[in-house]
Structure formats: C-alpha cells, structure tokens
Amino acid sequence: MTEDSQKADRDADRLAGQPAAVGVALMIWRQLYRQRAMIVRVTSFCCFLLAWEIYARQQSPIIMAPFTGVVVALVELLGTSDFRAAYWETIKPFGIGLTLAICTGVPAGLLIGSSRYFRSAVLPYVNFLNAVPMTAFIPLVVIAFGIGLQGRYMVVYLFALSELVLNSAAGVRYVDAQLIDMANSFGASRFRIFRSIILPGSMPGVMAGLRLGAGRSVVGMVAAELLLVSVGLGQVISRYRGLFQTENLYATVLVMAITGLVVLEVVRRIERRALHWQRGIGEANQ
Amino acid sequence: MTSTLSRVPSWALVLASLAFGAIVWETVGQLGFSLIFPPLSDVMSTVYEVWTSERFRDALTNTLTTLAIGWPLSVGLGLIVGTLMGRFKVVEWALDIYVNVFLSIPLIATIPIILLLFGLGRPSIIVIVFMATFFQVVINTSSGVRAVAAQYDEMARSFGANEFQRMVRITIPGALPLMLTGIRIATGRCVRAVIFAEQIISVIGLGGLLQSYGGALRVEETWAIIIAIAIIGLTSMEIVRYLEGVMLRVFPQGHQISGA
Amino acid sequence: MIEVQGVGRVFERGGHQEPFVALDDVTLTIQDQEFMSLIGPSGCGKTTLLRMIGGLIKPSSGRISIDGNPVKGPGPDRAIVFQNFLLLPWANVLSNVSFGLEARGRRRKEVRELALDAIARVGLTGFEKNYPHELSGGMQQRVGLARALAVSPKILLMDEPFASVDAQTRQILQEDLLRVWRGTKTTIVFVTHSMEEAVYLSDRIAVFSRSPGQIAEVIDVQIPRPREDSARKTSEFTDLTGHIWEQLRWAVEEDQHIERAAANE
C-alpha cells in the first residue's frame, strides 16, 4: 500500500506548483487511488443490484422480484408477528441440534483422538456419515422422528455431528507431544495432563469443528425447512409460492441467508477470542 | 490396557468394529427395536432387488447425466475464473464479494428462488450444482494462483517471461495442489447438491427415489438408495484423489505452498 | 550426589536395521552443587543421559542413583529446562511458571508466592500476564528456567537450553544463569554443543565420544568464580576450549567424510 501512495505522491509533487484547485483535485485523486480496491468492489456490487432491479422489472413479477421490492417486503415481514413466530420455529431446532451436536460430538472427538481403540472402533462409521450426503438420511429421520420439532432438530444434529467429531479428534493430534513429555518431567498426573495440556491444546481443532459444524447446522436447518414442511419458514415459503407473492418469497430466502451469515460471523468471533494465544504459533485457521 | 491388546493392528480393530456393528444391526432389526433399522439381511436382499430394477436404473442414469453435465461445467469455469482472480487484482476486487458471500451463506436457502426462475427440472438442478461447485473451485484456485504469483512474480519478470509462458510454466503447475484440493472439496459438494436438489424436486433421479420410498415408508428400499448414493459419493472422491496423485506426480511440488 | 554406573542405552530401530547404541558403559559421578556440562557431537548420547537422570527414560544396562537411591522416574528433586522451551502457548507467564508447582501438588497460595519469586529471580517481573507468543526467545527460555527453579529442585537438568536463541542473547542468558545459580544450592547438569559455553559455565566438563556414546574425558575447569565476561578472554579459557575442540574435531571430520562418501555413491 505504501508503494501506491508513494506513486500518487510523486504524481502530486510533479504538479506541485499549480494553483490551489488542482492541488485539491490531486488530494482527492490520491485518496481514490488508495481505496481503489474498495471502489471496484462497491461498483461491482452496485452494478449487480442495478442489473437485478432492471431485469426484474422487465420480467414477469411471478418469477422475479426487483431488489427494492424485496427490501421493502423484508422490512414489512419482520414487523409481522406471524413471520417472527415462524422464524422462531426455525431457529429452535437449529439451536437444539447444534447444542446436542457439540455436547456429544466434542467429547466423542476428543476420545477418538486420544485412544487408538476408540478411533478404530468409531471412525469407520463417522467416515461413512461424512461421505454420504446428509440429506439422503432425511427420509429415514422423518420416519423415525416425525416432522415436528424432534425430527427437525435431529436433522440439524446429524448435519453438524461429523464436523465436530472429526475436527475435535484432529485437534487432539495437533497437541505437541513434547509438551506431554515436559509435563511428565514435572510429575504431572494423567488427569492434570488432560486438563492442562490436551484440553486447551485441542482447542484450535475444536473451534474449527465448531465453525464448520455451525455452518453445517445452518444448512441442516434450511434442508429441514424445505423437506419437512411444518411450522417454520419452509411452510412460509410454500405459502408465498402458492400465492405468487414473489417479493415475500425472496425476502424470506434473504432472511435465511442472512441468518447463516450472522451465525458464521458470531462463531468466527468466538473462535478468535478462544484462540487469542495462537498468534504466531501454529498455522492460521481458515 | 494389557500389552496383548496394544499389539492388535488398527485395521483388525476396524474390521472387528464393523463386524460388531453388522451383528448389532441384524439383532436390532430382528427384535424390531427401531422402525428405521430393519434386519441387515432384509436390507441386503432388498438392495439387490432395487438395484436391478428398471426404476432404479432410470433414476441412476438421470443422476449421473446431471453430474456429467454439471461437474465439468462448474469445475472448468471455476478453474478459469479462479485463475483470473488470482492473477489480476481487478478481477479479484470485482468478484470476491460474490465468492465470499456464496461460500458463507447456506446455498440451499436459494433453492426456492432457483426453482422459481428455472422451473422444476434438470436446468434447476444444474444451476444448484453449479453454485455448490463453482465457488469452491474458484476460491481454492485463486488462493493457489495468488500464492504462486507472490512467490515467483519477480523471478519471472527478471527473465522477461511473457504472460502465456508464465501461465503455463509457473502459475498452473504451482497452483496445482490447491486447485486439486478445491476440486476434491467441490466434488463432494457437487454430489450432495445433486441429491438434495433431486429430493426437493422429488420426481427425478436418485433423490426423487429417496423421497418416494421414504414417503411410502419403504425403509429397506430407502437404505438401498442411501447405499447407492454412498458408493457414488465415495467413488467420485476416490477418482478425484487418484487424479490428484497422478497430477502431483507429473508436476512434483518440491516445496508446498501453504494455504487452505 | 548423582552416580551413573556402567550405564548403557540401546534404541531399537524399525525393520532390519541394527539397534542404535546411544550409550555404552558410561560411568560418571556428579557432586552436589557442582555445575557439570556434558558436551559432544550429535548422537553421542548426552541428551539421552540427561533424560535418564531426569527419569524420563530407563537405562538398558547399568544404574543411576541419586544420594544412593536408584532413579525410577521423574521426582521432586529434579527439574528439566528444555531446548524448545515447551511452554504452554495458551497460558500466561505466571500460569506457565506455576505449572510445575501445581503438577507437584503444592497448595494454591504457596504456588503463587513461589511462582512470583521465581519470575523475579529470572528478571521477568512485570511480564506475568503476557503470553509466550508475545515474548522473545530469550524471555521464553527465562520462563522455562523460572518454571524449573520454582519447584526448588536439588538438581537442575538443562538440555541445550540456549541453543534456540541468538548468540548475543545466549551470552546474556549464560551470565544470568550463573547469577541465579549463585543464590541456590542446586546441582546443574548442562548439555551443550558449544565449547565456550561449557567452559564459561562449568566446574567440570564430560566430553563424550560417539559410536558408541562414551565419555572420552572429564575436564576440570579451574577458572575462579564469580566468572564475569572477562573470564572468556583469559588464556586458561582459550586453552580449555582449544583442548575440547581437539577432542571433538575428529567427530566433525568423520561426519563430513561420511557425507562425502554417501554423496559419491
């Protein structure tokens, strides 16, 4: 970045003797040049929104809603208690499923990482779960648990589980074995080694699992909504589709997308705080 | 743990665990403990019936055709766009918001809109597959290309290499590991996307069969489809992994460029 | 007093390779409160011997005893300072220094007092809340030293502790080590590659040879204490380092010989 500002400065200096107006113009130019990345990004996005708006107005209102229309619909919907109730019904299974997955998946993962026997016993099943698209199990989950709250949170649970387990297990193996050596040299008990070294040492892995698991939970939540249509946003969407209320439909989809983004950001912040000690040591988490 | 147990090799433990699991499944099934776990033996015989049925063959062909169209399209375009993004900052600035957004949102949330725009058929599925695969390939490829550019840019310029030479001799071989990783991850997402899209639309392909059997409470048949899907998923990953191995032997990477 | 009698250590290697003889019939007595250095080429077993005294590995033959009692494992009378520091990255300085004390089961109030005292002794007062990644290499090793000193060991085992820092920091750490040691009654067993370091710090130096690992010679360092920086420039100092270099030189040349032969194959 300093290279760019140097270039802009040199250009400015070349015309240093010019009247004040030119000087001001130069200063503005220098600022713009430095921010050119942001400018391109914003322009690109605005073009996209503009294109959306124009194209949508020309198309049938049944299949496309213009950007402005969607925003208006979004604001209106968020004010309705019906919509908010449906949203809550969608968030509930997400929260329950993710929490369950963390409470069962992290300990299981830590166990798998620490014990060869446990790993050989459980890993093939986890790998199988990981290989099959989780959505394929949804019909079975529906048969076993119904389409109510339990069915939906079980879907979220299954989606999140394998990420939490596999990453927690990887986290254990990430712990520096020499640290355990050091602890032994001070006569530390197995319990202390687990609590002071293995547990905090696995945190990078566990946090990665949390991040990926939360992402998968969101996907599971949406999948459940779209396939187990009962009381949440999924049912709202089919209603709007049936009534050809396209703007509301788009707005609902936007709500789900934004929820996903927010969840991801929250988890990233948690991850950064929990791993504050990591800067400079170990690889960056991405 | 006694020392004899510690000498048992891991693969034996895995086999033992799977055998044990099979026995448990069979028992649970025979005792009727759970609706969704019929006896393993019944499932296995149904597998044969289902896989040899015409209905299955049609669905399988359907799904594989969609994959055959969607995968190369997404991966190919992804490699091109990713390379351009990694190489030219302007392209990166213009496109990176979309890439990051599409990778951060639950893509399946957009399915209702896609169905609206493209109808309830194969075109929609291909769009869904494209979204799932394309952005993954783009981000890994651009990452790899950017890393290579950072490392070798000065050297290439000092020898006066032109764009084409740089691309062929430096950029592509150097970014290969990350490109291949991206393709591998994207392939997983691709298969998942096809199945899910078919489940939503419900009358096409293996996904459609899943919904159909599931809705009719035909549990054994549902398991048969799940196993078929698992095999497709695992096979495609293995193929990609094999290709990764071949590529990395043709273009050995002495020093791994860190990333992803 | 540490007595090493006829100690040998053999490491099995996978496949059909010959087992590796790290040490062969090593006998050595280390007196109380003395500073003994172990020096030798790579692979001569000096680190292995240190770890055996620390109780982390068992000898294949012979025995090691401390004040007459055979060494059966790590104990409260010994503490190790490691070459890679091995600090807990997720814990601050105070927490790291307290680790040894907590592991040994001391009570909470005691732990805090002793830890703060050790931190002061290595000159890190004020850094208690910092994390390892915020500290330089030299400071991190001071934390490692503080952790070991905090448990008041009778024997301090140091495994090339200053090898991972730069040369200037290394000299300062050596001087600080001598200063800190002066106030205690600890025996120190110090493994190093550096002849200057060994001569500057030690009362006696055990020079190891390799293949198999054995003690070639034990040298007395007669330079009077306290040893300031000026001690490094005396003729006794250069004589001693020269003498050790003669001993070690053949090992280095032999290494190059082997490398050249392997490259020519």
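Per-chain numbering from 1; labels A, B and C assigned in written order.
Keep in mind that, in the parts below, a residue touches a chain if its C-beta (ideal position, glycine included) is under 8 Å from a C-beta of that chain, and two chains touch if they have at least 3 such contacts.
Predicted, not measured: the structure shown is a model, and the values here were computed from it.
Taken as a graph of touching chains, this assembly is arranged as a line, each chain contacting the next along an open chain of partners.
Across the assembly, the mean Cα position most removed from that of chain C is the one of B. Per-pair counts of C-beta contacts peak for the chains A-B. Once the centre of each chain is set as its mean CA position, chain B and chain C turn out to be 52 Å apart.
The geometric centre of chain A is 48 Å away from that of chain C, both derived from CA atoms.
Rounded to whole angstrom units, the spacing between the C-alpha centres of chain A and chain B is 19. Within chain A, not a single residue touches two or more of the remaining chains. Taken in their complex, chain C has these residues touching chain A: 54-56, 73-76, 78-80, 82, 84, 86, 88-91, 99-100, 102-104, 131-133, 151. Only residues 176, 178-179, 181-189, 192, 196-197, 200-201, 203, 276-282 of chain A touch chain C when the two sit together in their complex.
Chain contact summary for the complex, chain B toward chain A: residues 1, 5, 10, 13-14, 16-18, 21, 34-36, 89-90, 93-98, 101, 104-113, 116-117, 191-192, 195-196, 199-200, 207, 210-211, 213-215, 217, 219, 222-223, 225-226, 229-230, 233-234, 237, 258, 260.
Put simply, chain A touches chain B in their complex at residues 36-37, 40-41, 43-45, 48, 62-64, 116-117, 119-125, 128, 131-144, 215, 218-219, 221-223, 226-227, 237, 241, 246, 249-250, 252-253, 256-258, 260-261, 264, 283, 286.
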